[in-house]
Structures are given as C-alpha cells and as structure tokens.
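Shown next, in structure tokens, is the structure this report addresses.
As written, the chain order gives the labels A, B and C, with residue 1 at the start of each chain.
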Amino acid sequence: MILFKHALKHSFAQPVNILVIFILPFAALFIPFEVGGLPFGLSFYGLFNLFSAFLLSRLIVEDRSNKIIIRISSAPISYFQYLGSYLLAFLLILVIQNTIFTLATYFYWGDVVLNYGLLLILYLLYSIMTISFSLCWNSFFRAYNISFALFTGVASVMCLISGVSIPLQVFPGSIRSKVMILPTYWLPSGLVAIYNGKIIDVIFSYIVLLVYGGILLLLGSKRRY
Amino acid sequence: MILKMENIIKRFNENLALDYLSLDAEEGEVIGLLGPNGAGKTTCIKSIVGLLPVDEGEITVFGMKQDGKNKSIRRQIGFVTQDITIYENMTARENLAFFGSLYGLEKQVLKDRIEEVARIIGLEGRLDERPKYFSGGMKRRLNIGCSILHHPRLLIMDEPTVGIDPQSRNYILDFVEKVSAAGTTVIYTSHYIEEVEAIADRIFIMDQGHVIASGTLQELIARIKGDSHILVDIRLVSEEKKAELLTIADIKDVFIKDNQYHIIVPGGISIIDKIVAVLTPLGIVNVNSRQPNLEDVFLTLTGKQLRDEVE
Amino acid sequence: MIKFHLLRNGRDFIGHAILIFLPIVLLSIFNYIYSTNLFPIEVMVDSVEIPVILTIGFALTFQIYGSALSTETLAQDFLSPMRDRLLATPASPRKLIMSVLLTSIILSFLQTVVIVIFSMIIFEARFESLWAVLLVLLLSVIVNQLLGATILFLAKDAKTADAITTVYGTMTAICIELYFPLPDLRIFELLKKYLTPMSLARTAIIGIIKNNFQDILIGVLPLILIAVILFILLRPLSKKVII
C-alpha cells in the first residue's frame, strides 16, 4: 500500500502530469471531424493515453537512474510488490482518465457511440497495454530524457500508421493488414467494431490488447539495475 | 594580506548564514576551514569568490573590494566546486581547454598549460578520454585541474576529496602542499579533520555562521591542552551512564562515539577509579588516555562531531 | 567558446537523429497518404503543392522541438552546480548564454536545411526563391531558440520548460492544420495564418512561394519584432539564473 500511495502521490505532484493526463486529452473531444460516423477524437485520445502512460512510468526510470531501486531492493519488499504497486497506481490514474473521457464523450457527442460500456472497457484494456508498453520501453533506458526523446518519435509514428492519429481508411488494405502487428492498432479497430455493433470483433480487440499487455509486461518486468 | 573578511553578515530570508564572520589569509598560506553541516562554510567561500553578495561587512581580495563584479579578482581565483562540475561528454582535454579559455588562455599557451596540468593532476595519457568513463577520483582530479589552468593566486577548494579512494585523496593533499609551496594561497574546506591537520597552516573552525576559533593546530590544541582525555571502550553504551558521569565532580564533559566514552577531565586529576565504577556494569573492554587533537578541539568547542551532527 | 558549444551540442547524436529523421519519416508518411488521394482532406493552400506545405509544416514544428538544444544546454550550465564554476570565471555569463544560443541556432537551422533538401530531392518539392524561404526559416529558428531560453529562465526548471515547449509545439502544429483540418471559423483561420510565430513564418513562406508581398510582410515583420522583444527580455530574465 505504501508504494501504491507513493506512486499516486508522486504522479499527482508533477504539474506536467496533471496537464497531460487530465486536461489535454479532452481537447481530442473537440476534433470536429468524423470518420465513418465516429468522432475521430475517440481514436486520437489513444495518443494522449499513450503519452500519459509514458509520463506516469517515469517514476520507474527515475528510481533506476537515481539508484533508488537498489535501496528499495534491499528493503523487505519483493520486486513484484514494488512493480505491482506502481503499475496499479498508474492504472488507477488512467482508469480515472478513461472514465472522465468516456463520460465527457457521452455528454458532448451523445448517442453517436452505441455502447459506452464497451467503449470504457476498450479504453481500460488499451490503458493496460499502454502502461505495459511504457514499462517495457523504459526498461531499456537508464536516462529518462533519452527514453522520452526516442519514445516521442516511435510513439508518434506508431500512432500515425496504426490509425490512432490518422484514420485507418487513408491507408490501402495492404498496409492495413501489416499494421495489425502494432498494439495501438487495436484501439481504432475496437472503436470501429463498437460503432458497427460487431461484438465478436470487439471481444477480439479486447483479447489482443490483453495479450499485448501481458507480453509487454513480462518483457518490461525484468529486473534491471 | 591576500584575503580579508570583516564582520560579514549574510542572510537567506530568516536564516542567518554568516554571523559577523571574520577571516583572513596571507599569501602562500593553506587555510583549513572546518565546521559541521550548516556552519556556513560554503556560503563563506561563495562570498569570497563573488557568487553571493553579502548583506553587511566587507570582503577584500588581493587588496580589492569583492563586489561580485570584479573580473580582475576572478582572474586570480581558482574555485574547485564541491560537486564535480565538468562536462562528462567532452574529453578531459576539451574540458581543460574550455575552462582555460574562460580565463583568457589561448592557443599555444593554453595547449602547453593543458599538458602541464594533466601531469600535475595525474591524467596525462587520459586527456582524450571522456570523464564519464573515469573513476570518481579521476573526475575529482579533473575537477581540480579545470580550476588551476590560469595559475590562480588564491585557490579555494570546497571539500575536494568527498567520495574518493585514499590514493586519489593523498594525491590531492600532495598537490595542495606543492601548490602552496609555489606561492598559491589555498582555502580548503573539509569534513575530514585529519586532512586539515595534515596540510593547513592555520585553521578556522566555524559554527552557526561565525568563526569560533582560529589559529595554528598547536594554538588550537593549546586551548584545551590542560585537559586529559580518557577513552573508555565498552560493550553497551548508555545515555543514563553519561548523565551519571557528568554528575561526578571534575569531569568537564563526556561524549559518546560508537562504543566509546570520551571523558574530558582537567589535567592532573585522577578519577579513573570513579569512572570505572560507573561504567563497569556496561562491560569495560579498554581504558586509555591520550593527548588532545584537532577533533577534540572541535568537539570541545562545538559540542558536535564533525560528520555526525547531534541534534 | 562558440567552437566548444558547437562541439558539445553537435555531439547530441540522438537529439539530432530525432530532429532530422522523425520529421522526414512523418513527411514521408503524410506525403504517401495524400498522394494516394484516399483521404479527402483539403490541405492545399491556393495552389501550393502538398510536399511543400508538409515540408514547411514539419520543418517549423520540429524547430520548436529543436529549441530543446538551447534549453537543455542552458539548464545544464545555469541550473546545476556547473553554474558556480562558470560564474566564478571572469567570462561574462551573458556571453556564455549568447554562445549557447548562437550554436543552437546554427545547428537547428542546419537540421531544417536537411529536411528541406530531403523534400526537394525525394518528393521533388519546389520552393520558389529558396534563399528567401531559408531566410524566413532561419528567422523562425531564432525566434524558437529565444523562446525556449525565455521559457527556461521563467520556469527555472528544464523539465517544465521542455513540457511547455512540447505542448506549444503540438498545439501550434494543430493550429496550422498540419495533422487534420479545423472548423471553418474565423478564429481558426487567424490562428492558422497570423496568431502564432509558426503561423507567421508559414504565411511568410507561402507568400514568398506565391509572390504575395503583403503576406511576406505580414509574416516577417511581426517575427522580427518578436525576436527583438525576446532578445531584449533575455537580459532581465537571465538575471534570475545568473544572480
């Protein structure tokens, strides 16, 4: 519980986090155009969510670069406890973000999305994936600024070609089939499925996001001092 | 006199960092500046360098008033910062070249001086490597090297041996002796009393923003020379026993350090039997007495150990 | 001093790679998207070619991110223990700051030139009066580097300054409709053309391409004014970290 609270406290103590996690994403709501009837902002929100997850996971990188991780390791706390507490705290923050965004979407866009419950679950599972991705990414770096600099590039391009920040429809089918390998692809894919009412496709997106989350979590959980 | 500080007052908001501080240094002297954490040592030396303006009092360096803007003073001061302030991604040579150029050295003069300083600090052969691959001791030596390129008349060293191996530390102490023999005045702050004992011509002991004692090592020890120091090693310390010892007449003071009672009594008084009677229940391992040293002077004057500030 | 700072900033290979390759990658992707005509977004401004518009947009956007060159360097020098060492020397702190800014401007401009040349070679983007376009891009670099330094001295913290710059860069790129169109409202039109340094630079460059002298003046003159104001502001603001 101590580490969980510490992670929450640390995350809320950064003004940049408050801005990027709780204020900026809502600008996505007001993106005026729709793609296939669905507000594009619902997909673009995925970019903000990804960066939010990355900012939150900064604490883990800093613990490593400041060698605090060594101090924590010498305490009677298992590494699993340490990581689990932090990740749960980050997930809680993103769940709050997702909930507020979904509610805001309901009030702003009304009945354009058929099922807000499915939308919320999609965002939750996407958040699990983004946290795991950020953890995995950061596990390869000792310095946050280098990690962030490279992440900005890779994440921007990844979101671009997977349909998060540009509609998937602009890409020809041959490219669309290849970008399925990107974990971020399954957010716009899930959104389209929700809009079209195809529950099987929705559940498939959920499963893929969960699987990606699990794999990235395993890769990123390796202890690195 | 190369440096004179008279009744310096410096405040940070409500905190009085320097409280009528007075200090002086003659040419070629090595001045040791001792004090516990928060004594004001760093504030004092930053004021000398001109990094911090003072609220009252006057600082004169090389006969000129230190107002923070005098470049002529800065050209003659070398400042070795407590933190290692070098560019880790630039080679040692590039670091030396850059800092040397800031003091007006250039071209062949700078190049020759870089080689010379590299020999002095023991980094010849490593000049084209980057400090991020150096050990802590080597980084500290480069840190010093960057401060001496311009042959400073006054070299201020703020805890230059923190966190380094004994070999590098001895190197630095040797360096201080050599540079002072060549005529450079050195102001050396440290937490390590044995360093100051080894190299300082005069010592200033600071606490709470002012100098509480100054003089040569012999002069400072003579202040408490009349006292005997009885050292009793025991198995278990007890604050109650300390209080009990203090009730014995003729005991001037008692300090506990690790598993040792350090008891100060006036010279010529023999009360070892009373001391032993009090401390026997704790399990006496050894009883010893010795001549006072600088650490004893410090303890006596400040009531604190240098590295472990007692609240 | 300048040589040292050029060397120091020049060695930030990761930073340079990101500031050159990322816009090139994004340029390539967006060029591809618009060339397939699958996405019915109108991005042409009058009859200016898509590759040119995209090149201008991404070059200007990444100039803003490139202000991190001066922000990070100044923060390392003046918001860390290095400050004491530097201020203890007889070197003028303002000269040190100017040296950092000058070298950052040079490097950021070179990055911009690489992007423009890439676009000209690979996408056959045609820039009328290229020298004039490059001059405006240089002016924009100067404004962005000065702005980065100003934000740093105001925030007194590199992380905060970086965050502000990143958000500013993203928002201004959105304002010029680089990623998606905005509603047809007067405010968005003004934002796109006149209300940010990026939009002013863009307006001036498009004015050069289309030989519209009015647009050139409307873009360049306020940019020069902003640069002068920021330069003047640097002096009192730098005191916050020097003293």
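Keep in mind that, in the parts below, a contact is a pair of C-beta atoms (placed from the backbone, for glycine too) under 8 Å apart; a residue touches a chain by one contact, two chains touch by 3 or more.
Not measured: the values here are computed from a predicted model.
The fewest steps needed to get from chain A to chain B, moving only between touching chains, is 2. On a Cα centroid basis, the chain most remote from chain B in this structure is A. Here the chain at the heart of the structure, going by C-alpha means, is C. Chain centres here are Cα means. That of chain A falls 52 Å from that of chain B.
Separating the centre of chain B from that of chain C, both taken as means of CA atoms, is a distance of 48 Å. Averaged C-alpha coordinates put the centre of chain A at 29 Å from the centre of chain C. For chain B in complex with chain C, the residues that touch the partner chain are 46, 49-51, 71-72, 74-75, 77, 79, 81-83, 85, 87, 89-90, 94, 97-99, 101-104, 146-147.
Residues 1, 4, 7-8, 11, 80-82, 84-91 of chain C are the ones touching chain B in the complex. The touching residues of chain A, when paired with chain C in their complex, are 15-16, 19-20, 24, 31-33, 40, 145-146, 149-150, 152-153, 156-157, 160-161, 165-167, 169-172.
The part of chain C that touches chain A in the complex is made up of residues 14-15, 18, 21-22, 25-26, 29, 33, 36, 38-39, 72, 159-160, 163, 166-167, 179-183.
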